[in-house]
Amino acid sequence: MNEELFYANIDYQREKRRGVGEVIYGEGKTAEQITEIIKRLSAISDQPVFATRCSLDKFTLIHEQVPSASYYPQARIIAVGQMPEAVGNIAVVCAGTSDLPIAEEAAVTCELLGNMVTRIYDVGVSGLHRLLAKTDSLHKAEVIICIAGMEGALPSVVAGLVSAPVIAVPTSVGYGASFGGLAALLAMLTSCSAGVSVVNIDNGFGAAYTASVINRAIHSHRDF
Amino acid sequence: MNEELFYANIDYQREKRRGVGEVIYGEGKTAEQITEIIKRLSAISDQPVFATRCSLDKFTLIHEQVPSASYYPQARIIAVGQMPEAVGNIAVVCAGTSDLPIAEEAAVTCELLGNMVTRIYDVGVSGLHRLLAKTDSLHKAEVIICIAGMEGALPSVVAGLVSAPVIAVPTSVGYGASFGGLAALLAMLTSCSAGVSVVNIDNGFGAAYTASVINRAIHSHRDF
Amino acid sequence: MNEELFYANIDYQREKRRGVGEVIYGEGKTAEQITEIIKRLSAISDQPVFATRCSLDKFTLIHEQVPSASYYPQARIIAVGQMPEAVGNIAVVCAGTSDLPIAEEAAVTCELLGNMVTRIYDVGVSGLHRLLAKTDSLHKAEVIICIAGMEGALPSVVAGLVSAPVIAVPTSVGYGASFGGLAALLAMLTSCSAGVSVVNIDNGFGAAYTASVINRAIHSHRDF
Amino acid sequence: MNEELFYANIDYQREKRRGVGEVIYGEGKTAEQITEIIKRLSAISDQPVFATRCSLDKFTLIHEQVPSASYYPQARIIAVGQMPEAVGNIAVVCAGTSDLPIAEEAAVTCELLGNMVTRIYDVGVSGLHRLLAKTDSLHKAEVIICIAGMEGALPSVVAGLVSAPVIAVPTSVGYGASFGGLAALLAMLTSCSAGVSVVNIDNGFGAAYTASVINRAIHSHRDF
Amino acid sequence: MNEELFYANIDYQREKRRGVGEVIYGEGKTAEQITEIIKRLSAISDQPVFATRCSLDKFTLIHEQVPSASYYPQARIIAVGQMPEAVGNIAVVCAGTSDLPIAEEAAVTCELLGNMVTRIYDVGVSGLHRLLAKTDSLHKAEVIICIAGMEGALPSVVAGLVSAPVIAVPTSVGYGASFGGLAALLAMLTSCSAGVSVVNIDNGFGAAYTASVINRAIHSHRDF
Amino acid sequence: MNEELFYANIDYQREKRRGVGEVIYGEGKTAEQITEIIKRLSAISDQPVFATRCSLDKFTLIHEQVPSASYYPQARIIAVGQMPEAVGNIAVVCAGTSDLPIAEEAAVTCELLGNMVTRIYDVGVSGLHRLLAKTDSLHKAEVIICIAGMEGALPSVVAGLVSAPVIAVPTSVGYGASFGGLAALLAMLTSCSAGVSVVNIDNGFGAAYTASVINRAIHSHRDF
Amino acid sequence: MNEELFYANIDYQREKRRGVGEVIYGEGKTAEQITEIIKRLSAISDQPVFATRCSLDKFTLIHEQVPSASYYPQARIIAVGQMPEAVGNIAVVCAGTSDLPIAEEAAVTCELLGNMVTRIYDVGVSGLHRLLAKTDSLHKAEVIICIAGMEGALPSVVAGLVSAPVIAVPTSVGYGASFGGLAALLAMLTSCSAGVSVVNIDNGFGAAYTASVINRAIHSHRDF
Amino acid sequence: MNEELFYANIDYQREKRRGVGEVIYGEGKTAEQITEIIKRLSAISDQPVFATRCSLDKFTLIHEQVPSASYYPQARIIAVGQMPEAVGNIAVVCAGTSDLPIAEEAAVTCELLGNMVTRIYDVGVSGLHRLLAKTDSLHKAEVIICIAGMEGALPSVVAGLVSAPVIAVPTSVGYGASFGGLAALLAMLTSCSAGVSVVNIDNGFGAAYTASVINRAIHSHRDF
């Protein structure tokens, strides 16, 4: 059944059809709209319900209506419901300090979808020893999310070191010829390392979703 | 050990480090160079050695030197060594007749890397019934490679129907505002369906490589 | 006769020449300018006079001078004069919640130009069942306006299901590689479904105008 | 029923679903493939079967297998079956001599789909008197296809003169800053005249298809 | 002699070398800097000294220091010194109401440089009769500045009607596919009418400068 | 009277309306078409009739039909009729050897339109002394056409030295980041020197046409 | 040793490895973060520690915690530690007043890295005599940083006059077709003068860093 | 003295002014033109005279006229005169086999300009161990030229390891989203490693010229 609000046609069957319930994209929705959708989805879901790209201001308003909601400020995520048990190992790797909000959006999304996360931050290619010091952690990961702005070189280097799939996230960090993340996007798409696939600029959520699908597919086989 | 030719620094350790040996990108290499690299890699590898983006003319020259080489004309792939046993199920889905060369590059690469492949061709979104008729096959796939040129809408529709990860390949099929595949590339990157990640325009090989890494990770857990 | 203000050269003959009087594009005009043009056009027109892209603030100022003006907040349209009788059937279809302002600009414009409108909202291709559930409504439409941001795939899918002409409106909804609506625009222009024509990004008005011209041409023949 | 060739999944139900049978896009298909598809479609269709973007060389090969095929050299169209009776009035207007191939692709497609066509050629805006001399013909048209390369200004001027819908086709005619038709495409999308919708660069077929759908909808009402 | 401020290396010889003294580009300069440069230039020039792209706020501050300064609000120009005698006839033609600020920047600059100006405003190509009604004025002009945003078609049409040189100014008026004036710029550069040359987007000053150079060259010959 | 060929709607009134007869753009026209148009225009014109962008091969064919035609190989222009008397002084300045074909297209067009031409070639800004050695010639010119590829800096430097109007022609000379002349085009449009206006990439003809209109306007005043 | 903060992985070994310690990029970092990093770096470095792209507001906050910090307002640089002795001669040349902030970022960075700097400002190519008056200073420089917005012609002209290496910095100064510095960037990359290399738009720091490396390499040889 | 050919204005003073004589850019020049320029430059130069971007065919023709000319086939360089003594140490580093022609253009140019060259080839970042194995060679270099196509990540990694200046050359190697070298160019311009400056796509010569200027400046100090 598809229950319709005027402004949203909620996809209640999604959890059955795709294995994951609908996640709310908070950008451009009002606190009232998010509150309403959270309530409706919470009523039918066993998984945590959450919304990405939410400011602290929106959270404050929503929290009044949904006291059980919690907020992850760096990730800008509002979540309702208990964090699920974590399986597997997804490494979230990022190049620089400025990429942190996207990295946290990815990491927290992974956790909310039931995955174990290893954070490996600020290991940009300009100081390679910082990355190489983390080689062990990289090898242990079953899926790797690799986040970088500017020239976006990190996924090429990381993918060359490991056998796990690498999901690359270009960020809009940079100025001038980075053209809002275009430089990093093109670099990741033309990576000389096989095994890299790419999501939209700043799309930490999308990378986490794909990583979760892969990580959980691996473990559904292992665990049962 | 890294043995050096003047023109190539062969990465013999790759198979150990990344789980897959070096694959030869045939474009811009001469038949002589490809022949030489095939010989050196064959001498040390248990997996099939293969080269992508090779014309029939190049194959004819290489075949004289390497009689055991075989040629996949639609995929434009030259391969040496026995096709490995196939595990799992990767669906290769393409939108139109003109996308076939890239679809076959992906499908044959998957097979050479030891994966079972289901081909679902010419199911573009302009005649949705053709795609919906294949819903069962799509649900059975563990990884899906989705190939489309022009407006590149197919991955969004496919990803909305399944729970497996979808790797999207834009092709340069189209004219005018397709700008050599840019329209399809941007469409796939901005897909409204979560679970889609993207590789470079016409990069059937790259999609297959990533799909194989995922499919084999799932089955290494299941099988042992 | 063309009466000239300093800032505008009003086209009074337009209604005779093109069948529709001048519609005011409110963006970048002051409330005073809009008020003046509304007054002049209202004095000579039998059709409703209206202005698009008007904020609530502008409406408040204009309403003081033109008490008969009414406001459509989601469409951001100010209108003066009685809604005309509606003929035919234009379906306004949109992909997501964020496309609503453009969808309403299109729908209200259609209504002000004398067309019956069927609204089919939030039926993006990531959950195809939502769209397919509306197949009957789509088949009944004589003209279809199809609005989508992000990857802009909806018009291709819709046009494949129907025989009516489809006018596609890309929206600037999205981020990163959507490049302000460019991704959706290119996708719609390169649609693999024949029967799709495209207007400018966010141009709900333009799509409605064209749809109205077509719908009314069909019914001028039927009715007389 | 969808009968599958290896290279094409023919959409036999299209005529029923969309009112027009499948039209073959000849670019990138071999003469053999086109011949085979023509034969299969001809066997089930009452309408003419035709293929666009076909060179004279391809026609010569196809003609040997399908002697009833005829060729429209400027339009580059191969057609089989009798030209249907023509209804209504579609004006095909083009700016310059170099736009002729696209204009003829549009005009012949319109005719093959059963529409009366008025050709108004070489009436670019640099010599406005040439266009204004055709005002009567423009006013009589029920749908107008407007084709221009370079700065693509013609649709804006034409749409300002008439009440019929205008379908604009940018062409790749031009050099330098025309960037393969991009200048004309952007100009048409940003037209200051309402009532203009746009198809892909050089897409004479697509414009004709849309124009035919509209023209025939008008006349299905009138005639019955 | 070139007297140097820390922030500006004033070109006092310019009037001798190029026939026109230095004109101040106000954007990004503080009121203090503009005041200082105006004072220094006024001390050595017989022509009016003026600054373009100045807000009313800047004028208010400058006026306190330079009481003889006057302000042209639509043109956003501050001028000091008596308006020179006007020679010849430059027509400033613009397409729409929103192009007015650029049109006035051009017109006032022309006047400050000693040229007679004929203003022909809001004559966009969507209502051709408005432009054709001004044919006489256009024929009398010795140089024409033609200003348009959106699809930028006006210069092509105007140049086709006259024998005078046309200087085209694309404006950033528009949205979506106008890409900040790019659509108009490309259209003007690819104009099918010979005799059109183009300046930067929104560069009313630059067009006026060139028009003045041409107009005054014509009249220096006539007058002596 | 507008006599129509199937492929061209010749503008016989152009000479009266615009002061210059129609000039044939040879690119994309066959030798037969050019021959026919030359014959028709020659029959009614007192000025030379000419066609630009014509290969030597086309000339050879046309020459058989029009023995009085002559060919300017570097300019790639075919002309019929006596070279008119030359007035005034247009300097054609170019940056490098590779810009010569466009420079000659401009220079020969100027001459065919009745202007005196001074050629100043290979004076690119990388060796400024070469340009400065020509300062006298530059000062004597009444209009300057300035042609450059690569970074397109020449017009900015030249315009800074003179008081005559400068018409800048970017050329497609260059590689990589010159993007087919885009770098030079953008540079010329954003020139810091006032008095520069720009035509399309490689449009030597267009620059010459504009220069001629200006030069002749100056001299029509002087001479009578 | 790499000591990790949550938000930054400070590269303490950088001074040993690369000869220069880590420089803080202030954009997007909070005053608290910058303060903390300054403190940690100051504790281990003999060179001045500094942060670029810092507003006066940030400096005020940081100054409270680090009283020895000083601020260069035009350069927007905060520095701690004594200015080192200066060697060699780096000329910082800029085209216009608006390029000053980038020029000062470059000049102050050079000084903080121990280089003698000669400032040559506001010598744009539109008034060549201003540049030529500085020929002696240019010849004395051992490395030249050349900064320009708009058409970015200055490095081509300067490099043609000297034998020292020229590092070009495009700035985002300009409007319209400068596209945020793209015009200047492309111009500098396609310079016809050999010896020019380019850094990112507005990257005064990067140019200074490279210039310093070169200048100090020259002098490490000379001095010892 | 500047002796002029019709097609070239040879800059004989260049060697004195800039320290290096004119180098011939062979692209687009005929064998005859190159022969003539070689002869004239050889007559006045003590350094080798050479031409880049010359095919073997051109060399064969030139060799008949200039028997002392020799050819470097991979570099596509024709040179006349004795190779000068080599000083210093420039490392030419390239990412992949396909970048070899540009790498050799750079290396041979460096040698012809009197620099010692260390070639480090096929060390792309996808197999980092290949690059790290060359760390010693990299540390010994006084200037590094770093050449890469596709994602262009190599300069960022290399610059992070060394203290020498790095000159980055993007190549047009790649397909799809590499857009003819644009991806690599943007990546190099936005490098997170300080000390990288960039030349045009495929401009091996330009990088070598700059590297030579730097290397020789270092050694002119050391040696005297």
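Letters A, B, C, D, E, F, G and H mark the chains as written, and numbering starts fresh at 1 in each.
Here, a residue touches a chain if its C-beta (ideal position, glycine included) is under 8 Å from a C-beta of that chain, and two chains touch if they have at least 3 such contacts.
Since the structure is predicted, the reported quantities are computational estimates derived from the model, not experimental observations.
Using the contact threshold fixed earlier, the set of chains in contact with both chain E and chain H is F, G.
Summarising the inter-chain layout, the chain whose CA centre lies farthest from the centre of chain G is D. More than half of the contact pairs of G-H, counted by residue number, reappear in one of C-D, A-H or B-C; that pair is C-D. With centres taken as mean Cα positions, chain G sits 36 Å from chain E. Averaged C-alpha coordinates give centres for chain B and chain F that are 51 Å from one another.
Mean C-alpha position of chain A lies 57 Å from that of chain F. Within chain B, residues 127, 160-161, 176-178, 185, 189-190, 194, 200-201 each touch two or more of the remaining chains. Every pair of chains in contact is given here: A-B, A-C, A-G, A-H, B-C, B-D, B-H, C-D, C-E, D-E, D-F, E-F, E-G, F-G, F-H, G-H.
Those residues of chain A that touch chain B in the shared complex are 17-20, 23, 142, 160-165, 167, 185, 189-190, 194-201, 205-207, 209-210, 213-214, 217-219, 221-222. Residues of chain G touching chain F in their complex: 95-96, 124-128, 150-153, 156-157, 159-161, 174, 176-179, 182-194. For chain E in complex with chain C, the residues that touch the partner chain are 97-98, 100, 121-123, 127, 129-130, 133, 173, 175-178.
By the touch criterion given at the top, residues 2, 4, 7-9, 11, 13-14, 27-29, 33, 170, 172, 180-181, 185, 200-203 of chain E touch chain G in their complex.
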